[in-house]
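Look for chain A in each of the two complexes below; its partner is chain B in the first and chain C in the second.
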Partner chain A sequence: MRYSLVRQILILAVLALIPAVGGAVYFRHKISWRSAILPSEMVTVDQARAWGENVIWVDARPDEEFARDHVPAALSLNEDRWNELLPQFLAAWSPGKKIVVYCSSLGCNASREVARRLRREAQLPDVFVLEGGWEEWLKKR
Partner chain B sequence: MGRVAEKEMKTTPNTQPSTSNVEPSAGATTSNIFWRTVDFVVAGIFIYAGAIKALDPVQFASDIDNYKTLPWPVSVALAFYLPWLEIFCGFSLVVRSLYRGALSILTALILVFTLMTIAAKLRGLDITCGCFGHASQNWSFTAHLALDLILLAAVIFLLGVRRRELAVNT
Partner chain C sequence: MKTHIVAFALSILISLSARAELKWEQTMIELHPTSADKQAIGHFKYQNPGKTPVRFKSVHASCGCTTAQTQKDEVPPGGTGEITATFNIGDRTGTQVKTVTVETDDAANTKTVLTLRTIIPQQLEINPTFVFWKQGDKADPKTITVKVGKEFTVKHIKVTSSSPDFQTKVEETGKGEFKVDVQPKETNNLVASTLSIQPEDSQKVFYATARITNSPVVQ
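The block that comes next holds the complex of A and B.
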């Protein structure tokens, strides 16, 4: 059976849609359509504060923003100086502690990336991203 | 349907070889074997790349998002869809069914991948393209670009060769 070029493209496009939908259903609990971060990997300012001393705050913003102001006792760990800052962070980390990473605001990606690298590269558990980032912290300070 | 397309459907094989009574020359056979091999290599690369990404759409969505050009929900949708499109197009090249459609889609895809890779480099983004999942995580920009350009050249040549065949057969 022969088809015109446009029809061939359409048939392939529709065919690919079928397993794609299947994949979306299969992986529905592993990925969020609303945010790059799973709801289970996010934490609000109030929740993080409730953890008290059991938290290590990680500031994923650039050095100059960290120098200007940051969450008390937060450690700087950004992607620009990842290799340099990671050992310092690991020295401060201890098993059982929760890690809360934040960047400037709700729309920034740095905290997500740093959290992802801490999970994947440093193999650390209990890494969370602060919802709303530094802006949200300031509002609730 | 347009008259040209109708004529094409009636007269040109999409999957079958020419029904002409003229025996193909040795040169034509060699050339055919060569292009068929290119078909298989290109198909293999796209099927492999698609399969790896289809198995880990979460990582692929993140890789697409790293280009910082699309909203997150679109990245997720593409992460589920593009791998399967690559796989189906790859199989189409192998079985030579919906062949021109598959080549056209692959040409468009590889063109977009190449442009996005270059744009990301120009914007100073240090990212992995995610083209081959974790396998390509440590590839340099040059390696990505080289593979993209080789694939682009291959699919464009295949399109050209098949178009010429089409013209000869009609």
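The block that comes next holds the complex of A and C.
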């Protein structure tokens, strides 16, 4: 009886494995749409707030969302108008300042992309992505 | 016992074959817009091979830069159509992967993720796009490297500073690369300049910024 139960579990497990393996092979070339980011490049709302005045908040959301509401004193810097907005951001930056970039929520990617470009193209240090984005900031407002 | 397993396996197979599901021509599209294009548009075509209608519950893009439109709310049996995904390129560069999640009322396969991969050609790659000097620093030149994209030919570039406080000098280093030396006249005043970098015979302008900043914040 016990042997039969084990055998049945094994058979069902093998049956479940077939579509799983098939899916893994079929989707092996699928790419993640989210930019990779190191955990050390993420920051929570509480951590960022603890930095006080030494932070520049960067809103990576589209213009309409920024116009609706944003973190106080945040600067808009999105990829729709990167070339136009970047000089305005750079005019506000000074060495030693930490940069915290946010987009709408945990699932958005815009903040990661903006942070990546600030690090890679403008070669700025201390660029962080806000965990949970604007949604998380609202919860802790 | 064997009968139970066979019955179980058969029931799964039957339920899989009986479901009403949209059949997609492709769920991933790669687009290669030109450098002048403002949008990249992907057409995801589908068919309903089942015997019952399929209704769209939601169509949601992964990014505010992408919109997705269905032609109809319901697809009758044997019906065809497409979802049009429009990606607004803006000032984005490189390879952009955006997704559109389609939810239908088909209980067996409610969600389908459509992927739009857009390769944006980059005529010039500028690195870094920002050079700065701290107030009081020595006014030494700093170098910006300008690389020509693989699919482009640029023999000369023109660099213009918006402010006379900074001077620029362009040097061609070969292999489609240029060296732009930027030098402030002095570093006592907090001044900034936008550097316009333009390939010859092209309307497209690229930008970099040069600035004299104040001293670091002391914590």
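Keep in mind that, in the parts below, the second predicted complex is superposed on the first by the 106 of 141 C-alpha atoms of A that agree within 3 Å, B and C clash if a C-alpha of one lies under 4 Å from a C-alpha of the other, contacts with A are read in each partner's own complex, and residues count from 1 in each chain.
Keep in mind that, in the parts below, a residue touches a chain if its C-beta (ideal position, glycine included) is under 8 Å from a C-beta of that chain, and two chains touch if they have at least 3 such contacts.
Note that the structure is predicted; figures quoted are calculated from it, not measured.
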Larger contact residue set on chain A - chain B or chain C: C
First (chain B), second (chain C), both or neither touched by A:Y3: first
A:L15 in the overlay: touching chain B, chain C, both, or neither? Say first, second, both or neither. both
Look at A:W93 in the shared chain and tell me whether it touches chain B only, chain C only, both, or neither; answer first, second, both or neither. second
Quick one: classify A:N109 as touching chain B (first), chain C (second), both or neither. both
Kindly classify A:S40 by the partners it touches after superposition: chain B alone (first), chain C alone (second), both, or neither? neither
Contacts of chain A common to chain B and chain C in the A-superposed view 4, 8, 11-12, 15, 30-31, 33, 109
Chain A to chain C touching residues, read off their complex: 4, 8, 11-12, 15, 30-33, 54, 61-62, 65, 78-84, 86-87, 90-91, 93-97, 104, 107-110, 113, 121-124
Which residues of chain C touch chain A in their complex? 1, 5, 8-9, 28, 62-65, 88, 90-92, 97-99, 115, 117, 126-130, 132, 134, 192, 194, 206-207, 209, 211, 213-219
Inside the complex, what are the residues of chain A that reach chain B? 2-13, 15-21, 23-24, 27, 30-31, 33-36, 109, 116
Given the complex with chain A, which residues does chain B contribute to the contact? 1-2, 5-6, 8-10, 12-15, 54, 57-58, 61-62, 65, 68, 72-73, 75-76, 79-81, 84-85, 87-89, 92, 98-102, 104-105
